[in-house]
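As written, the chains take the letters A, B, C and D, and residue 1 is the first residue of each chain.
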Amino acid sequence: MNVPLLDVQRLSVDFNTRKGVIRAIDSVSLSVAKGETLGIVGESGSGKSVTSYAVMKILDRAGKITSGKIIYGGMALQKIPESDMRDIRGREISMIFQNPRAALNPIRKIGQQVADVLIQHNQATRAEARGKAIEMLQAVKIADAEKRFDAYPFELSGGMCQRVVIAIALACKPQLLIADEPTTGLDVTTQKAVMDLIVELTARFNMSTILITHDLGLAAAYCDRLMVMEKGRVVEQNPSTVLFQSPQKEYTRQLLQATPRRDSNVRDLLPKELLDKTDPLPESSPPGPPLLTVSHLKKSFGKPGSENHHLAVRDLSFSIRQGESLGLVGESGCGKSTTSAMVMRLLDTTEGQIEFLGEDIARIPASQFSSHPLRGKLQMVFQDPTDSLNPRWSAERSIEDPLIHLAKDLGKAERKARVLELASLVGLPHNLLGRYPHQLSGGQKARVGIARAVALNPQLLILDEPTAALDVSVQAVVLNLLEDLKHQLGMSYLFISHDLNVVRLLCDRIIVMQKGQIVEEGNARLIMDQPKTDYTQSLLAAIPHPPTGEISTA
Amino acid sequence: MNRRNFLKGATTLSVGASLIPLSQLLPSSALAASNETAVVVIGGTINSLDIHRSGTNRTSYQVAINCYDRLVSFGTKQMPDGSLSYDYDNVQPEMAESWEVNEDGTVMTFKIREGATFWDGKPVTAHDVKWSLDRAVSLGGFPTVQMKAGRLESTEQFKALDDRTFQITLPFASKLALPDLATPIPIIINSQVAKANATTEDPWATEYLHRNPAGSGAFKVSRWNAGEQLVYERNDNWACGPLPSYQRVILREVPAQSTRRALIERGSVTASQDIPNKDAKELAKKDGIKVVSTPIENCIYSLCTNVDFEPFKDKRVRQAIAWSIPYEKIFEQAAYSQGMPMWGGTDEVTSIDWPQKSPYELNLEKARELLAQTDYKDGFEVPLSFNLSVADWAEPTALLIQQGLAQIGITATIEKIPGANWRTIALVEKKLPLHLENFGGWLNTPDYYFFWAYIKGNLFNSYNYDNPEMTKLIEETLDMAVTDPAYTPNVKRMIEIAFEDIPRIPLWQPTLNVAFKEGVEGYEYWFHRQMDIRPLKPA
Amino acid sequence: MASSLATPEASTAAPAREGYWQHLRYIMAENPLTGISFAMFIGLIIMALFGPYLVPFDPVATGAGPALMPPSPAHWFGTDHLGRDVFSRVVVATRLDLMISVSAVALSFVFGSVIGSLSGYFGGWTDRIAGRLMDTIMAFPLFVLAMGIVAAAGNSVENIVYATAIINLPFYARMARAEVSIRRNAGFVQAARLSGNSELRVLFGHIFPNTLPPIMVQISLNMGWAILNAAGLSFIGLGVQPPTPEWGIMVAEGANFIISGEWWLVVFPGMALMLAVFTFNLIGDGLRDLVDPQRRT
Amino acid sequence: MALGVKSRRVLARLLQAVPTIFGILVVCFLLTRALPGDPAAYFAGDMADEASIEQVRKNLGLDQPMPMQFVTYVGDLLQGDLGVAISTGQTVAQELAKRLPASLELTLAALLLSLVIAIPLGVLAATRPNSWVDHLCRFLVTAGVSLPTFFTGLALLYVFYYLLGWAPPPMGRLDMMFLAPETVTGFYTIDSLIAGDWALFKASLAQMALPVITLALFTLAPIARMTRAAMLQTLASDYVRTARAAGLSSRRVLIDYAFRNALLPVVTTLGMVFSFVLGANVLVEKVFAWPGIGSFAVEALVVSDYAAVQGFVLSMALLFVSLNLLIDLIYTLIDPRVSEEE
């Protein structure tokens, strides 16, 4: 075997926190050969990003490399002084980050930011920096690069910003690119474009890549080799296909299993030991009469005629039957969240009817709906479990809140009993009820949110990307919980998501939205298998496909 | 280009000074000690150059004193400590070189000084005097009131007989008339200049004279930056007295008292006018500084008991208060022993000197005994007020009085009243039950003091004191010549009543303190308490 | 409920109380100045509560010693021009000064944050009117406005408190407005609406309590300003009435004695004033560290 | 286009100021009328009788009913007539024209000094958070803001003028041996430079030194604090991480990436700091006998001089409006995003 480009040996990093010294990564070894793409996969807190920061030596002040070696092209990076390291960064090893908008200096022209790197590493003189920066912008396929040189980050879309970040990273043609969740937060179609661009450029410049991601599918689709990390340690390291076909470690297996694919059903996501303890999915009963009928719904923002006036939702009609789950899918800005807010009566409509249980609730102003008798029948689970819990309230108080206001006939004792019952229902251990959100894990917070949403036995539950902020293993559990609750409580779901694979798991019917309008509507399986419109097709095509095939359960 | 004039030492100075055009100022801290320029710091602000204008404040009176002449002035006397003071009993010529009074004392005829000219060179005439005095009695406000005190009330009383003869007719003879002409009010204005700048709405040229003095006095104003400084320039053609020694006097306004003290102590200025008692006491001991402290004539710092306030209706309560005040301590701690004690006098009034010591002193037994005879033996509560602008002495005084009163069971709560409100609340509305007061009369006779302070309704009777006998006595005596045989007994009786009824409890006679650079001579105390810069002589 | 999904996930978070104290200890250890300031704060409180019972002399009694004596064993901070014991006065003044600042800040906090919350939450005309009102107050140099109010209303302790409260109002209003409007559409607020909370209850029951931590920082800083403000008013003669001991008025009076060399009259109350303001400022910084979400992991 | 957006913003800001200014007029009018004491009586003098007080009252227009007085006031104002300050005997307009530059010179110089010291301190502290340097900076600036300005002023005066004699006598803007330079800007330092007179420049600078230091000490804290906080935030930001990962030199990262972004919140706090300084000015001007607008206002307030107080407040309000406008403009210059937002 050749000498690897990067060889990390038994690297450990400690962080100084108020709770004492915490080992963020422990004895991590990895190597990347010239031209190779290594994927580092792990859930949050696995230490995958810390590893890359340690390699770049851009750890926070609190972090410290305690042992191990980082050999890059024969140099021991852990020993060299900061000034030399600065020459290596950007010229030899580059890095791109998630959240591209924040990764760019908001008040500096994007071209200038590219030029800064060129000048810093003597790849260009001040005079020629502009020209070379424009070349680089062209290389990352920014149209009209000449003009865009003078643009500021806020004038570009997220995907464009990520291209600029890539241009900065690749400006000096480094040997190694570390991409840390480069597409998280981007829409699937954009994600694909960005990833394809990275692959194309790294191939053209013959670079090695480390791709850090939580998304196994993405990693598998783009990497030669994968390394799975958990809690600061390396779990398993293997070529992608090998890892997918025959995962060696239990953790890897669980991770693979929890990642939704086109053909899996919701129970398939659960790890075996959990699956064994879970009841099989109940037979889905045929949908009942219509519960919610939305017709000609419109929403516009801004004063009509003014320049910032725009239609977020234009003429939307759909219905949900009792016991049915409807998926609402679309990329960011398609109007799906506006729609859900209107249905939920958190936002006033501009036009149209929302008939719920026979009443046109669109006519009731959002500000007055809180005291309406139907309020309890129409509830919601929010996207970010952290954001959706009052930070100053215990889990118990949060779950109790709707009972206090909307179930006024309940006595205090009954209320407490109901809270305990709800906690059991969503699988929240009773001893956690006294805790505050910051003391709960993501999954636990999601359970609290769900318990609160179902407290009043709602008939329609809107799920607004309920698992988008969760790790896949937690997502698997939460999705199963939601599916079970639906059957137990006889609820209907309106499931809003950008992720077709996830929506499909829970929904019978799917609506695809684009620019405030319905593009396609129909049976979930049909849409997945035989999309009719180009838009749906492109959405599906953009989803990275991991190697298919049964996971061996050995 | 030669705007900056930087001169060191006195030799270059005199040369330089004569070369510098008038519009270009030649002041310097280095020059403060020089023979040509004096720098005087004051705490107040000069708000007008015209004393007749309504709204002109006390500090501004000095412009009238230094830049204008009056018909007459007062002479000079030496005080027991060697310092100089004006002499109330010695009226001297100023613009009038001589005057005559007819037999019944109702007609006064003045001869204007030969060769006296205004700054513009125009001779001073009796017509100017007539116009100026007419102005003083016509404009209203303070000048008119002050003129009235000298029985000068209407324009008909003033006549210019010819260019150099001026005549005043009085409704009846008054000993106050002539001294009143020596106050800063009846100044002689260049009527020609003034009339040229008068308008129909403003026939007395108040707008013009407000900014542009037009006089004949020893100094002209060469520069006035309101709120900052005023620069006097000597009038070398001054006819009414010896030529002043200083060529130029710069008056700087420095509001912070500590800053003023620092300036005089560091030798940055020639004089600091009206310094606090504490500074006077301490600076007197320092090398290089001379402090002149002169008791202010006809002025007493007093505690007033308002007879509208129920408990003070009883004379014994007032007397009890007068016996309960720690005079000695107040004098030491509030006045830093500067001034004359006004307590512990004889029981009997033997002289008509004024101010004089009251028979009261600190005697708590007597106070308690008196109070016990009244309905208020268990004490009462009363607010004790003072004017914030005189807090330097009033505040410690009030605190000590408060403690004295506490000894006899009276609870006083201290109330500071901002200067702007003082006059209205204390003097006009007269509704402060117990307060500190500092009235002093310009005209130095006891009956003048009593007139303002002991007749009901008059301004400085802020305590609504009303005694028909007192009122009658005062009215009889006010215009009476001091040589009149009834004068002395009348005044003696007034003093007796004042001490017996004691609505106004004398504390001490204050001093006016001025600090000078060592060697500066010629300073003279005046009743108006402003700096007369004319007689000042450099070291 | 046979579903095994009820199986708890590993619970690692520490119990609530312990976490809080640990966090506090961490902040203290990391920043010694904050630790010191908290200690000084406790000292101030003790002085305010018990000062009047502990001092050796009656703070308003003149002649506790000879006038203008420099510090000595009998009079630690010397005596003033009326022979009052400066030490006793400085200690006793703590209560009044803290009272002025606490009540002024409390007033402006209550009114300011209510106004700010309403305008941040409802926006529209409420916001516009409140905004213009606050702009109007802010358009005055704050001290000058305080001066004007006290001069117009008379110089009593209450009026000093009101004036200080009014000039601080905009800070709270703006802060509350900003904090409320960033949370106006937060998940937990939406959830509260879904739970049947009325708009006002959403605002004051859910959003407002969450804006408190940053506002606490402002409160602490303002306490210091309030004391300084009262001192400034005293300096131009609009302070509390004598002989009440109050730091500002003592410094203002003492200022006249600096040049003549009686430094203790101004230095000791000045130090007390400075220490108090200092304490509040540092506590503000410390609180900021304590509540900063970025530092709470 | 960009210009259009920007000028529209400026216009919007100006319009926004109109109700504020009107509010200021009303508040100020009411406040001055609420001032206790009878100015007519005060200005008529100690010995005045009822008739002469009435005369003065009429002269001052105080015999009119309140709403009339307000209408007259606003009417006069629109004609540029601010009335006469009775306490100094000058028209308010003259007073302001003369005193505003004095105060502004002091204030701006103090702000400048404060910025020059506080910003580097803040940056220094932020680059070494929780080190002894950080603690020292924090200690120093907090100590500065914890002292009443009049106390600091007097203490400086005592040491540097009284004891050491380094500073010139605290008697206003210029030592007495100098004449004020020809008025161009009204700032003696600048005017003396325009006149090319170095000694005069030095003299005016010397007079300013102590009051400016006093004021600057007071304003160090808010600026340094804000700089530190903003720097900490930008240093922890993603784009600084990007810049570091791209190997940019620490100087460039610190200045072009972290500092320029941190400047934005600092600029916004300047408005508040300015208000602080003007307030503190009142006290400092008194200590140093500085013929500025603050001391003028105090004197006017104490004697219930309506016209002067109103004129003062009005000019302050206008000053603030224009200052905020200026801050907005600066903000637009350094933050390209501004012109885009509504």
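Everything below uses one rule, namely that contacts are C-beta pairs under 8 Å (C-beta built on N, C-alpha and C of every residue); 3 or more make two chains touch, one makes a residue touch a chain.
Keep in mind the model is a prediction, meaning the values are calculated, not measured.
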item	value
Chain pair, B-D or B-C, that carries the greater number of C-beta contacts	B-D
Chain separated most widely from subunit D, comparing mean CA positions	A
Gap in Å, rounded to a whole number, between the CA centres of subunit D and subunit B	39
Where subunit B and subunit C are represented by their mean Cα positions, the distance between them in whole Å	47
Subunit A-subunit B separation of Cα centroids, rounded to whole Å	87
Rounded Å distance between subunit A and subunit D, as computed from the means of their C-alpha atoms	50
Residue list for subunit B, restricted to those that touch at least two other chains	258-259, 262, 265, 418
Residues within subunit D bordering two or more other chains	35-36, 154, 158, 162, 286, 302
Touching residues on subunit D, where the partner in the complex is subunit C	16, 19-21, 23-24, 27-28, 31-32, 34-36, 130, 135, 138-139, 142-143, 145-151, 154-155, 158, 162, 221, 225, 236, 275-276, 278-283, 286, 294, 297-298, 301-302, 309, 312-313, 316-317, 320-321
For the subunit D and subunit B complex, residues of the former touching the latter	35-39, 41-49, 51-53, 55-56, 59, 86-90, 95, 98-99, 154, 157-158, 161-162, 165, 168-172, 175-179, 181-182, 195, 197, 199-200, 286-289, 291, 295-296, 299, 302-304
Subunit A contact footprint on subunit C (complex, rising order)	1-16, 19, 22-23, 26-27, 30, 186-188, 190-199, 201-202, 206, 209-210, 296-297
Subunit D-touching residues of subunit A, taken from the complex the two chains share	56, 58, 61, 86-91, 94-95, 97, 99, 102-108, 113, 116-117, 120-121, 152, 154-155, 165, 168-169, 171, 308
Subunit D residues touching subunit A - in the complex, by the definition given at the top	129, 237-239, 241-250, 252, 256-257, 260-261, 264, 334-337, 340, 342
